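In the part that follows, the structures are each spelled out as structure tokens.
Both complexes below contain chain A, partnered by chain B and then by chain C.
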Partner chain A sequence: MSFLPAPLEPVRPAILRDVAPVTRLVVAAAWLLVAFVGVDPRVPAVLLAAGVGALVAMSGLPLRASVRRMAPLVIAAAGLAVLTLVVHPSRSDPAAATLVDLGLFRVTVAAASAALALALRLALIAVASLLVFGPSDPTTFADSLVQQWRVPDRFAYGTLAALRVAPYLAADWSSTRAVRRLRGIEARGPVASLQVAGARMLTLLVSAVRRGERMALAMDARGFDAGRRRTHFRVIRLGRRDALVLGAGIAVALVALIVGALP
Partner chain B sequence: MTVAIEAHGFGWTYRGGPAPALHGVDLVLGRGEVLLVLGPSGSGKSTLALALAGLVPHAIPGTATGSLIVDGLDTAVTPAPVLGDRVGIVFQDPAAGIVLGRVADEVAFGLENRGWPLDRMRARVPEALALAGLSGFERRGTAALSGGEQQRLAIAGVLAAEPAIVVLDEPTANLDPPGMASVFAHLGAIVADRGRTVVVIEHRLDAVLQFVDRILALDATGGQLAQGPPDEVGERWARELDRQGAWIPSAWRRHLVRAMPAAVPAGPTLAGAPGVPAPAAVPAPAGVPHPRTASPLVQPGAVAARPVVARIDAVTIADPTASAGPGRFILDRVSLEVGVGERVALVGPNGAGKSSLLLALAGILRPTEGSVGVATDPGLLRDPARLRPAEIADVLALVFQEPELAFVGGTVRDEIEAGARPGPGRDELVAGLLDRFGLARYAERDPHALSRGEQRRLSVASACVRAPSLLLLDEPTYGMDRRATDAVITLLDEARRGGGAQVVATHDPRLLPSCDRVVGLDAGRLVFDGPVAGFIAAPPYEPADPWRIEGAGFAIEAGVPADDIAPGAGVPAISGGRP
Partner chain C sequence: MSTSPSPVATPAGGVISLARWRTVDIVVVAVVAVAFGVVFWAWNYVWSALDPVFAAFKPAEYLISGVWLMPAVIAPLVVRRPGAAIFAEIVAASVSALLGSVWGLDVLLSGLAQGLGAEIVFALFIYRAWGLPVAAIAGAGAAIGMALHDIPIYYPPSGGYDMGFYVPVVIAMLVSGIVVAGVGGHYLVRALARAGVLRAFPSGA
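Moving on to the complex of A and B:
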């Protein structure tokens, strides 16, 4: 029984699923770089629009599940935007241009612009990470990192193995809490709470080491990291599609920069 | 060259270990033969498995004695990867060793590591899957497989690399009855062509004995007791193995009887189990349909005679990760009462909802619908989730499957004391528990430094510290040899001295005779609630389920009258398995 969300998987064929994960990673990195360099909110707005378009038309991901997955970040983005409106320094400057004046609360143009840019950037992070990690499984991702970028096997597949162990550790963590409740152990006050948290961390560490050891032994037994050259069951090659996606992605980034520079 | 494994006085001492884990093993095994390794816990069976795969001495520190030649290579000097190409090993817990997300990738993982070219991998992966009965599973996700499927996937991953020798280290120890059945069903195909030598370590001996050519028997100190053909070893050594606490095949029990004519009943008996009030020995269930589930095997009023310590009423728990369909509920309208002082066995395949039911009774998992009540005072049932920790500890205790996760103290004494009520008499209480559970000499040790069996004893002892009226246990005999299993039953009897009820989630048929009642779950639903004999006579699971296969043989051993074991003897059997 796992209380972690089920992984998102593409439900229909899509071009983003057919390109190498590193291609998607490069485009997303370029977009985020542009979004955070451009001051004008129109820059992330263009990128976000393109990102949502790609999510709908090119990712093959189920939309409803995608929206649910992004929801926490989008809500956080909205909250931060409101906070920016409230604390923006231009509010204490009487000369700053006013967008709306509600009597007690004045929204300046500069504050609104900053809040919007922030919200759009955070939403872009949510969409971009879905576009990078959603269309293919973690194995393909690791394979692509190893094959395209020569990332060491130990790192790439070791990380995959660690990902497999993570849900067990989450379950172990909640067990340590249940144990204390059932045995009538109550932490009263901050010091006792800290002590209990420390003891639970120690238990988790012991369990993590044990699970890690078993995993390492199983991987050793199957000849992993034995100093031989690994071959690949999934061959990931860069092709025309990758060039297409990369070109289109960079073009969108340029358009965003240009739109942002318009008066 | 026809010799696959050759050992001469082979032994191994783990670094920091007080004594050899394994010593004096002399063995010659021909190519294509199947060897079964027998022995009690701590007899070095797994150490031998690790040595054959070259993990001892190359991945684990320690000192070897004698020699071990595997497929013509001396394990002492051959690098592990070279040995690893000849020997494949399957471990107990399949989930602990699965690296990748998809079945085909997981099978190919070992081939990639060994540098196989792509076209050979593409040809070999489906072949290996077919051998393990997983044809067509290529694109399935590994996390969504059942335990039996995961273990067969691990076997496919090992077979894919075409090893000369396959080592199976208790491949079914972590599996539920259907999982075990599926592994054993494919073991036949794996050994059939005699193309590979197989070494198997297994507790479920009746299921493997038919495949076995030779047996290596180890004793409790890790020394070699005997080796030879099964019949020979059985005839001469069955008694000694039994005495040392190892499981032995039920066919060998006659050797015990012959050796000790008027002796010891063959295993625990229903009637003789201590503290079991007038058992289950059948009046056959009346077959009154249960008002809620309408299952013919559920009898209301099975516990009506006793005051109730816990009641769950039409409890449904929705699976937050599932959207719709049959797997949507972890528990589906389950109703159950536990009477004072009663021991209830909770059975069913993995994923049936056993652990969830325990967690719901403990108030840790909240039902989506329905109610849970535990008796805080006679006749007063309260929702365990609303009790304060100090209150709930007086009412119930839960012993987790992994004892280590439950440790809260720095020493064994602290561990027991941590849950005790403060006040006078606490020291005496703790000292008494240390004594009763045989832990007095470990009192100042770190719980993590104890053996698994000792850790289990400690977790039961600390659960008894407030003499709760309800003790919940999750798989208390998981992976244990016969002696340890007997010890757990003794523990449970000891824990019941205060009169508390017990609910024991288990896959282990050997625990059944000591229980008053069986509750069977399947896919979240209650499919059986009644006496042990009725359950053994007609388990409400699929015909291939070992509860049925092993259950019948076991029932005879357990002393259930033969009349009651005949199919359909008074108990409405569900034809075709799942309701």
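Moving on to the complex of A and C:
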């Protein structure tokens, strides 16, 4: 029905499932910050190894499905790495150390190192994203943002409500094409494609605004904007597990920084 | 949280506080952003499919990047509330994050940068001007946000890129931001108002 994939869900008990989502978010943010500060490819390599270890041992996510999710990223990372190999300035520098010489195309050590670091960083983004968003559902995420980070509750739960209509909007988007095909007004050429994309987007937006207005009315009818202090139905508390995951995550980031600074 | 009782949804043309977000503002911006999240999911396939085509001249690819900037322009034009650009971009980004996109975290970061770029423009006009010129400038602002995110992460100077690469990429982003997100966003919101779905908002009153 919808071209949207089902979200990944943990299939077995795991420690990352039991920590607050914001704990996972903080650790991942620290890792990505370290990975992008470090120029040396060993920095993202250490983090990526730790991330893959955590994915296997601590996330509870189905591994085969997780690997399948990463396929498009591998293609993009490979493309960007090759681009780096091509544009790297050390190629025109005869003094730069050569790694491989293919006659017309010379790969220097500096270019290979930069390309490797870039590819590893992108792979790290993928693994970290799965570790942050995979182990718990959007509802838990919203609960945690409201309770731990004091995100305004109307915005967090209003967004959560809006996320529920994603499959319907995906179906709307597909049906705009089906309708155009039925009427025989398919796009030919790039200019026509742009016009068609704009017309389809307008149809989708009309549907989105109407759904949003109806939902807001229903929510207000149930006192969503009552102006009172909200209590929490599902209480999330930071505990010893959060401290453990946070401590281990920061330790890994420090190790990566140290390894990257080694000669 | 507000301490005073909130105003009930105001009929078209009524006086409403410009700062406070009503439920309908929050939910409609969120649903519009989710709609864009869905479009992005489809658009990502187009982008990946075009990747090899544009490999020869990467900057040209960014001529179609403005699609990603659309929520940052459209949401503020609809609800005319401070923070709408950032809110919309973050929600649109979280759709792919929560669907399990492997780019999840990076998408959130880029959404934040793009939303902030447009938000600053609307703020510079003290949230008073919502016409075509401001929409176009906001599209450019979002494009600058995109450049500030994409360049350090995908094309870092350590990767050996130079001005001969950066200048055309940024120009392509700006053109696309202004034309697709700015001008395109303006006319999409106008069309929405004509379709009669914006009566609850100052943009459709």
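The working rule: the second predicted complex is superposed on the first by the 255 of 263 C-alpha atoms of A that agree within 3 Å, B and C clash if a C-alpha of one lies under 4 Å from a C-alpha of the other, contacts with A are read in each partner's own complex, and residues count from 1 in each chain.
The rule we apply is simple: contacts are C-beta pairs under 8 Å (C-beta built on N, C-alpha and C of every residue); 3 or more make two chains touch, one makes a residue touch a chain.
Keep in mind that what you see is a predicted model, and the values were worked out from it rather than measured.
Contact with both chain B and chain C is seen for A:Gly227 once the two complexes are overlaid on the shared chain.
Touch criterion met: A:Val39 reaches chain C, while chain B stays clear of it.
By the touch criterion defined above, A:Thr176 lies against chain B but remains apart from chain C after alignment on the C-alpha atoms of chain A. With both complexes placed on chain A, chain A has more residues touched by C than by the other of chain B and chain C.
When the two complexes are overlaid on their common chain A, residue A:Ala166 makes contact with chain C while staying clear of chain B.
In the superposition on chain A, contact is made by A:Ile185 with chain B only, not with chain C. Contacts of A:Phe133 after superposition on the shared chain: chain C is touched, whereas chain B is not. Applying the stated contact rule after C-alpha superposition, one finds that A:Arg68 touches neither chain B nor chain C. Shared-chain residue A:Met201: touches chain C; no touch with chain B. In the superposition on chain A, A:Ala111 makes contact with chain C only, while chain B stays out of contact range.
Taken together, the two complexes place residues 3-5, 7, 138, 161, 206-207, 210-211, 215, 217, 219-220, 224-227, 229 of chain A in contact with chain B and also with chain C. Chain A makes touch with chain B in their complex at residues 1-7, 137-139, 157, 160-161, 164, 172, 175-176, 178-186, 199, 203, 206-207, 210-211, 214-215, 217-235. Partner chain A is touched in their complex by these residues of chain C: 1-6, 8-9, 21-24, 26-35, 37-39, 41-42, 44, 48, 51-52, 55, 58, 70, 74, 78, 87, 91, 94-95, 97-106, 152-156, 158-162, 165, 184, 187-188, 191-192, 195, 197-198, 200. Across the complex, chain A meets chain C through its residues 3-5, 7-8, 28-29, 32, 36, 39, 69-70, 72-73, 75-76, 79-80, 83-84, 87-90, 110-111, 114-115, 117-118, 121, 125-126, 128-130, 132-134, 138, 141, 152-155, 158-159, 161-163, 165-166, 169-170, 173, 198, 201-202, 204-213, 215-217, 219-220, 224-227, 229. Remark: chain B residues 53, 55, 59, 79-81, 84-85, 88-89, 91, 93, 96-102, 104-105, 108-118, 121-122, 125, 143, 157-158, 161, 319-321, 330, 351, 355-356, 359, 362, 364, 388-394, 396-398, 400, 402, 404-408, 418-419, 421, 448, 462, 466 touch chain A in the complex.
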